[in-house]
């Protein structure tokens, strides 16, 4: 299980889990649930389009993800509109469905783009994944403190000279990078679960930022590694594990928190 | 005329079925959709769609027509949502999104297992992205009956739904069984989602439910006008979608045709955007509606 | 006593371990205009909900015409404080008022000229005819209040409850609403129970006052009730009543700055 091609899978899976945990922590903090749905949906369309044109799907993913991120930065500034967001999400999936339908292996491709395909990671895909991963980590490391301040206390950050808009844009771009790596592995529909599930669970357990982020990464790693191991035996899709375990960790985190508060004396 | 309708369109059996069934479903979805948007339950609709995906995949796995899966899981989820009070939340939130992720994960598993046991290619694509052209004839009566049931429910409840959306307190004080009405509506919503899923697939079904409704709400001021406009928009979208999908067999790439769901979604979104251009902001009025937003609402997406 | 339209007898409501209302008793006679005055958190909204049947009581009775309140009752109209209206709701003003007639009924109804005219008359009576075809979500606060009053009154209730209708209104809108209410109530012989935290706009039209503070009430004419001794007993701490330029201010003595500010705010000094 640990030889040759599987090594690529382990590397890709690990990098994806780490990035998902780190980015997810900020996504939950900032309440960017819409972005966490929208960017992957756009990525789905992009990857389908890129495959069709013969480009490296990763390039298509990255391009559409970044475009999507920039689009969201513009869209979210307008007043809330449930309908517009719902329709945008669906529109991107529709375009993706179109591109996929043009290819010969359309059912297979739709499936792997939506639900992930971790075993298909070839050697020349591992390197870009590692590079993107390193870039994302570097970006987060550089932005960490201003991003944290801006996410938790936007007005205070503004007063201290940290532009909320710049942080939002920067964060969305990192999300876009994270998306381009994650979607091939866990699928566009399940990326939300991998990013948000472990991070939300971590938040339920601790409020300390670095600890929460570390916990998020660990839970994401457990999810992906378990998925790879079981998937190796059963061939079940990785997306299944991501979805189910993400929900499990989240609910467990909530339950722990509820139980803990029951034992802690109420402050009058 | 000859250039719009490719040869064989009017004689084609599947096209007749698609047009007839599509019309009924479009009307139902649009009408139910209007009330869904009024009640701010668009996200509940989206949740039901994700769960319907699981249901359709499961049905496919056990060899049953996917409509039954959409319907069973959708109505089951609606009942569950009513019991736990989840549908009263207006916005997307983390909890629902993550739990829906489990539903999608299950869908992934079911579809995988299904492709292992049977050899039908493209079936998973149909469940996810629909095809109104391959409706199983035996399900047509069920589709029509369900649609009429959902429509009837909403029509009977129309006034009460409007009153409740104005103020649930006023409705309750006047003796309206608000919770029971809410549950009945949620069931109608679940049925509509299942029907839309048959036409354009579970993943995209929200478009047929919300799109024409949202467009109508921009254009119409009164409830009656809104419902009729939505129905008209829905039917028009589906008809044009069917025509284009049929014609697209002759478009590149040859022989397969573009998915009808793509056309329906694009037309729906396009229609909505077009109406956005026309609408002008009201002058000189400070809408009190903005003061009535609850805090949860103000902090929703992005 | 026998001809009381509404009577509350020793009503108490306990919620979440707190006594929201404590032994509240008062009555309203037909056609009477009563102000339910008190600071925020006094239990005014809870009291209104009890009367409407939306809030069960822990003890005590609510009697309508001397009998326990029936479940499906159309003799009480209600104008709530908050409406869940979105700007894009497809309800015109006249649709909202029309729902006041039969919004609680199931099934369809055919449009009728009689109904249209009745809605029109009601709209004219509240001064909303001008924007009868506007979307209800696009109205200003004062306009929306008029529409909701029309909605509540069109079914000819005998008692009209309003929850803080004057909050968030500018002074001229405030006066407009009060005069519309008073005029219509007199014309239709409808009793009114209106909650507010500032009694001054209501002074010209109030017949009686139910002053609520800390879950308890004091009932009577304004001169009787709005006295330092009465209110101090109600609040459970020393309270001053200041009359200046025809306006009444209720001010708590400085025990902690917060309470004084709250009381002064409630009495309309700080807006």
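Labels A, B and C are assigned to the chains in the order they are written; within every chain, residues are numbered from 1.
By our rule, a residue touches a chain if its C-beta (ideal position, glycine included) is under 8 Å from a C-beta of that chain, and two chains touch if they have at least 3 such contacts.
This structure is a prediction, so every number in the text was calculated from the model and none was measured.
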Legend entry - Greatest separation from chain B - chain, by CA centre: C
Inset, instruction - Quick one: name the chains whose C-beta contact count is the highest of any pair. - result: A-B
Inset, instruction - Report, in whole Å, the distance between the mean C-alpha point of chain A and the mean C-alpha point of chain C. - result: 51
Legend entry - Approximate Å spacing (C-alpha centroids) for the pair chain B, chain C: 41
Legend entry - Separation of chain A from chain B, taking each centre as the mean of its C-alpha atoms, in whole Å: 27
Legend entry - For chain B, residues contacting two or more additional chains: 40
Legend entry - chain A residues touching chain B - in the complex, by the definition given at the top: 28, 31-37, 72, 75-76, 80, 82-88, 90-91, 93-95, 97-98, 100-102, 106-107, 110-111, 114-116, 187, 189-190, 192-193, 196-197, 200, 235-237, 239-244, 246-248, 250-251, 254
Inset, instruction - Spell out the part of chain B that touches chain A in their complex, as residue ranges. - result: 37, 40, 42-43, 46, 90-95, 97-99, 101-109, 111-112, 115, 121-125, 128-129, 201, 203-204, 206-207, 210-211, 214, 253, 256, 258-259, 261-262, 265-266, 268-269, 272, 297-302
Legend entry - chain B residues touching chain C - in the complex, by the definition given at the top: 34, 38, 40, 155-160, 162-163, 165-176, 216-218, 220-223, 225-226, 282, 285-292
Legend entry - Footprint of chain B on chain C - complex, ascending: 49, 52-54, 71-74, 76, 78, 80, 82-92, 95-96, 99, 102-109, 133-141, 143-144, 151-152, 168
